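Labels A, B, C and D are assigned to the chains in the order they are written; within every chain, residues are numbered from 1.
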Amino acid sequence: MKTWEQIANIVKAQGVEYVFGIGDTDLHLFADQLDGLTAINLRYEGSAPLMAMAYSRLTGKPGVCSGSSGPGVASLVPGVLEAYSGCVPLVIFAPSVDLQTEGMGEFQECDQRKMMEPITKWSERIPYVERIPWFVERAFSIAMNGQPGPVFLEMPINIGGKLTSGIIVDAEPYEEYRTIRKIRVSGDPELISQAVELISLAKHPVVIAGNGAISSGAQDEFREFIELQGLPFLTTPGGRGIVEETHPLALGVCGIYRTEHGKQYYKDADLVISIGSRNEGFQSHSFADFPDGAKFLQIDISPFEIGRHWKPDVAVVGDAKLVLQQINTVIREKYPEKENYLESIRIKNLIKSKKNYENQVDKECLTEEIPIPAKRIVHEVSQVFGKNTILASENGSQDTWSYCYPYYTVQEGSICIPVAEQTCMGMGVVGAIIAKLVRPDKKSV
Amino acid sequence: MKTWEQIANIVKAQGVEYVFGIGDTDLHLFADQLDGLTAINLRYEGSAPLMAMAYSRLTGKPGVCSGSSGPGVASLVPGVLEAYSGCVPLVIFAPSVDLQTEGMGEFQECDQRKMMEPITKWSERIPYVERIPWFVERAFSIAMNGQPGPVFLEMPINIGGKLTSGIIVDAEPYEEYRTIRKIRVSGDPELISQAVELISLAKHPVVIAGNGAISSGAQDEFREFIELQGLPFLTTPGGRGIVEETHPLALGVCGIYRTEHGKQYYKDADLVISIGSRNEGFQSHSFADFPDGAKFLQIDISPFEIGRHWKPDVAVVGDAKLVLQQINTVIREKYPEKENYLESIRIKNLIKSKKNYENQVDKECLTEEIPIPAKRIVHEVSQVFGKNTILASENGSQDTWSYCYPYYTVQEGSICIPVAEQTCMGMGVVGAIIAKLVRPDKKSV
Amino acid sequence: MKTWEQIANIVKAQGVEYVFGIGDTDLHLFADQLDGLTAINLRYEGSAPLMAMAYSRLTGKPGVCSGSSGPGVASLVPGVLEAYSGCVPLVIFAPSVDLQTEGMGEFQECDQRKMMEPITKWSERIPYVERIPWFVERAFSIAMNGQPGPVFLEMPINIGGKLTSGIIVDAEPYEEYRTIRKIRVSGDPELISQAVELISLAKHPVVIAGNGAISSGAQDEFREFIELQGLPFLTTPGGRGIVEETHPLALGVCGIYRTEHGKQYYKDADLVISIGSRNEGFQSHSFADFPDGAKFLQIDISPFEIGRHWKPDVAVVGDAKLVLQQINTVIREKYPEKENYLESIRIKNLIKSKKNYENQVDKECLTEEIPIPAKRIVHEVSQVFGKNTILASENGSQDTWSYCYPYYTVQEGSICIPVAEQTCMGMGVVGAIIAKLVRPDKKSV
Amino acid sequence: MKTWEQIANIVKAQGVEYVFGIGDTDLHLFADQLDGLTAINLRYEGSAPLMAMAYSRLTGKPGVCSGSSGPGVASLVPGVLEAYSGCVPLVIFAPSVDLQTEGMGEFQECDQRKMMEPITKWSERIPYVERIPWFVERAFSIAMNGQPGPVFLEMPINIGGKLTSGIIVDAEPYEEYRTIRKIRVSGDPELISQAVELISLAKHPVVIAGNGAISSGAQDEFREFIELQGLPFLTTPGGRGIVEETHPLALGVCGIYRTEHGKQYYKDADLVISIGSRNEGFQSHSFADFPDGAKFLQIDISPFEIGRHWKPDVAVVGDAKLVLQQINTVIREKYPEKENYLESIRIKNLIKSKKNYENQVDKECLTEEIPIPAKRIVHEVSQVFGKNTILASENGSQDTWSYCYPYYTVQEGSICIPVAEQTCMGMGVVGAIIAKLVRPDKKSV
């Protein structure tokens, strides 16, 4: 078995269906020979990490991409930075310079690992042909577990006299292709109790669903959570689509990405419950909308994110899906006779103001203005596409609100492909392509 | 309030009682003015991180130490490397060069952060006087949470025109001194079930207790765990003392650090249960004693350590204390009528062979050989000191087994101060000093 | 004076006429207000470093470019890598995150300095408003002196309470705008003697002119050097254009970039004289054409490059221009009655074989093949454009030889804009644009 | 030939006579088997870099030291930082972790290269047994050339299946042991002219001789330079001993390290000529003694140091020895009839005030005070030891001036072993030991 053939097989064993990158790299040549693994061959590596991000968002699996050595790896940097910022599990492969000439300044020699270090969780070289399985499996494990993120793995063209490229020399046979498991963690039961206590004491709680809630696959648990307690929710761009924006409790995207009445509910909150979000300045409109005096409950997979911005009153570290299960269980046990949230006055008012706001936007978008304003286009696109649609967001001059609810309303069965805080450009086009590739059952816009 | 005075106050708010380092740094000057915080002033910074490690081991709190700029920070490197390897939560402070001359090559200018980066979890500069509380609180949070470890924080002598040293210029008043909480995580309930299943199927299980089990404070849960199921256990040097070595199920220290019959139980195991250990080569005596074909259950706080060495059949990521609680609960529910482990044939045999081995060592140590062999000295020291003793380990030519059970037997109420895989020298003396300082109620050896 | 205004003024004082980058950064806003400094505003930062490289090649001055924070800086990476590989003096500016929120994960926060570190000579932050002049002047000094290369300088939006962006707060007045001088170094006279000795003993010497010979401005000295001794020369892609390829001693581009008879002269050499080249594998066609047994004289600005690939018999560290002056002086003194090189038999033969080869290529390019082969197009372009033309090279499937002499012959008064060993794409278009901008007197292709 | 045996042979080929470090490393085992190379075996690595520094100072050769893996390398950090700060050429070797387990967290695994990166010029791993000669020769070349400094080289215990330790597996035979040459550079002749012009215009010039002047071996050229023009000189601690302090033009150590009348000459200067010094704050007593309005001529081997602190009016980059030769030549040509400097009024006055100051100190040191003050001890030591003595400096509370002239006067034939700006402790003892080892012909104090 060839070295890159072995890598392609281990990639396939993870259930990954596509690798993205330049077509003439060894990984792609071998990937194409395997049933169930397809190489998507690009002319320019720059889009590969964005494609892998979109793939990961749509499937919940890690995304895999590759670059050719030197400038190829350099071209990946903007997209990998975005994935790092957005905590998307990517595994990135590249060949690197021949160890027989390393340090001599040969063609395309550069320090690829250092280039990738500040934008990945792990940036390593396979130093030994026999270590390929260990390194590749570990790459997937690190990308997926804890706070997910990209990892980089390079393999020199020639290690210890063994060519790894050019399909020439063999790797050791590798008995078993293991699938690396995602290992989830729960919250500390004591902290779960404190969290429930905090929620039950709040009069005006509001929930923020971030990217972490979606990447843990907590959609069902989240829906149960907000409905059990009647909790109005906003999403960050990364959390969008966790529950459809037509849901009575949905207040749209938070912070700078408007909705007039969503802002109001946020600002008046006496408890903010953040699930898988970094809560950076956009959320509070650089503190302009900050709910002064509110308590703060933070749920996050990573202790590194706890209190990074605001100081939580209660913080639960754990996988969003499992933590919400824990909270829902405690709530159901403790408050078995909770009323239907649709009966509460707060929610009735909320539904009313939501309806008013939607009507106002409908009217706004009936404009006959020429040139047609972006918001009208987006609004009509939203209505035409409706349910079961995948929305890939682009950045640019219109981004701040025109893509957002209620101009564009994410409806049932829909998925969003966002970019992260770095907001690099290009995801609009790339995301739509991948959406069609991976989920042909859904519409894509 | 002065800048370093503010830092000393935040340190104190964490419940930390000592800071270790050179006496003429600002942190020490201010620490000494605070009730409840004492500066231990050394002539040489090199011992400061080891002292802080010993302090942390004995109290469960983070250790705090400091260095003067330049060579002072450089002198900390060996000890900090040891703490990093041993996952000990340290917060390390140092002043750094004046921003008004940074880059000019002034007295003791060097890149302290880069020096500390490869051996800490976080190596940062306080860039702004107003940010002192954020950085110091975050330093403690990062040191203690997730996989614990050292963090480094430097503050330039002059930030933005404000002197931070020389006791001249004020920091903003800081309203509240928050105590950073340790946030624990539990295991995924599904994985807990799989773990219990694995244990219940094993005929010859053996447990390895590592440093992580002690640093999570899981002593009681561990005792219940082994007694519930009658699980013989070994410890790594870092896990030593979790339960006294006089316990019937205790097999001593694992791997290269002998005990003849302990090795045998390890080698014959059909299940190895590792709790908070990296399972590196010493444990299996570089695989010489490896139990071929055994299943592997790994429990660790960090997904980064999962499968780093062996590939687990089941891996639970979580705090050892909480995970053992979860496992114990499931076992008690599932097997409510489990027999007393002392009644099982396996354990009866084990106790017999343990007794035999102890007798053999007793005889061995009655030698009248001159010069007196190290093992006899250690053996007699062990008997003289007995219970409630703190043992600080040193490295050296005799280290491989003479400090170990049954030459030295860790008895009830005792604590061990180990070094980590780097095995730097000096902990023997330093640990004993700190033991007397922090736990004057215990004997120290 | 505003902070970025001050930077723009210091840039201007270096004689730099253009800054390249995204138009809405502060540097560009202020650059546009200064006579003699023009901001070239792009839609995408990726081209900015390539433009700055082309600018530097054409003017001998450092190139200046900028990126917006986060993904903007990430987009610069491929171009900066190319400049680093090609030893092109660039000064790159970017804003960075507000120190009041650094570490909190705010919008576009990322470690820009670390991203730039592996691909620059110096990657720093301006930590203090008063230090702006020191850092900017130093950036130019480091970029230009020693082995030239790119440097990166970021300035946080807010330093020590002083906003640097948003045109709000003033920098200290800065009395004098100094022009940073390029400081040249000469060779050790003893080594110069040894070099001349080596040359005078050689029967079949051949010269390789690399990028370093052009970037030191050694065109005149080089012409004198080869003519004094009758030395046939090849160039690397980076050294191309140092003397026109119509010169009798010109053998075209070296190594993999053919010319049949050039290869032969190289292969048969008993002395290779390398001036400002890294002599990597392309030159010797991965050693396929290596002149076994030949002596090696290496002239380079940087001791780091000496012996990096082959081991020189004599190595002179120094600026190519000054070293060639030294050598020419010694040769003129030592051999005052040297014959005209055109009279030597070796050179007469060389001219003959050169002519033959050119005729053969002319014939080859008269082909009527459809589709028209690239070589015919290039050949005709070469004849149409002729003298005083700027050639910007692109990479791609045809690059290995079709751009090269004698398909394309660099004639008198012409300049080449190459890429470096990393061979990133895009310079063809970008270089041509900059050529028109900077040298409207020349034709551009 | 074994791998480390090969390394020992290449070390020996450089003319190096000692390697310093822990005795049980492979380098030391093989060094001891070679005639002409001796392993100095220490109990603690910390002193090894200081010994190598002292060796380099006394011999002008690079110093070689080694550490064992992990904590051994960590222990080298303070000394290597000092050598980096003091631009001392050291080559540091260490074994590193087995590539078959790299990344698994095995015994003493840590990132040694990153630990050494911020304090060396080059920190690399030998990735391939066949590359040993390239890497080791390059290490010496980089350490010695350009601005000298330490470099670090690690070799894994097992590379590509070939054991490098344990004396088991062979390296390729290596035909030739080359001695790496120090390659010097001269100044630009144009700048030399400007420098001479500046000197000839000055009325009160003063010279600062730094460490770089000594490390280039410019003692003779320096003496000629000051005597040709009658230039009073001070030294930094690193430049001390370039010419004996009993010389009429000697003003002692500069800056904070007093001599009352030396300070005065410095402060009143209208031209400061710095040769191989960083001119950091100690020199000008943090600018308290700065000669306002003086011109500044800077001579340094590295363009990186030019204008790092003050902005020079003329800067010459080049080896001090060659640059002073160039300057002396121009001066002799241009001013052939220069008077003897001892005849000038300025120098006559200087000699008088020097005598007065020495008398005053003599009187001061006649004190019968109890306890005997350090200065009296030093003074008497100075008189007892006299000429041909090696002085190794220690730091501590008395360091600021008591070791300095005229308390201790460096006399003819004497050498000083200083520490650099980092001023780490220990050189006093270590330096004296090495002095006796390397130069038994001289007295050592």
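In the analysis below, a residue touches a chain if its C-beta (ideal position, glycine included) is under 8 Å from a C-beta of that chain, and two chains touch if they have at least 3 such contacts.
All figures in this text were calculated on a predicted structure; none of them were measured in a lab.
Participant: Any idea whether A-D or A-C has more C-beta pairs in contact?
Facilitator: A-C
Participant: Taking CA centroids for every chain, report which one is farthest away from chain A.
Facilitator: Of all chains, D has its centre farthest from that of chain A.
Participant: Just curious, how far off is chain C from chain A if you go by their C-alpha centres, in Å?
Facilitator: Computed value for the inter-centroid distance: 42 Å.
Participant: As a quick test, compute the distance in whole Å between the mean CA positions of chain C and chain D.
Facilitator: Computed value for the inter-centroid distance: 35 Å.
Participant: Suppose each chain is reduced to the average of its Cα coordinates; what separation in Å results between chain A and chain D?
Facilitator: Chain A and chain D have C-alpha centres separated by 54 Å.
Participant: Give me the residues of chain D that touch two or more other chains.
Facilitator: 103, 138, 308
Participant: Under the definition above, what is the set of chain D residues touching chain C in their complex?
Facilitator: Chain D reaches chain C through residues 137-138, 141-142, 145-146, 178, 181, 183-189, 191, 302-304, 306-308, 311, 315-319, 322.
Participant: So in the complex, the part of chain C that touches chain A is made up of which residues?
Facilitator: Going through chain C, the ones touching chain A are 70-71, 74-75, 77-78, 81-82, 84-85, 101, 103-111, 114-115, 117-119, 278, 280-282, 305, 308-309, 421-425.
Participant: In the complex, go through chain C and note every residue touching chain B.
Facilitator: 99-100, 102-103, 124, 127-128, 130-131, 134-135, 138, 156, 159-162
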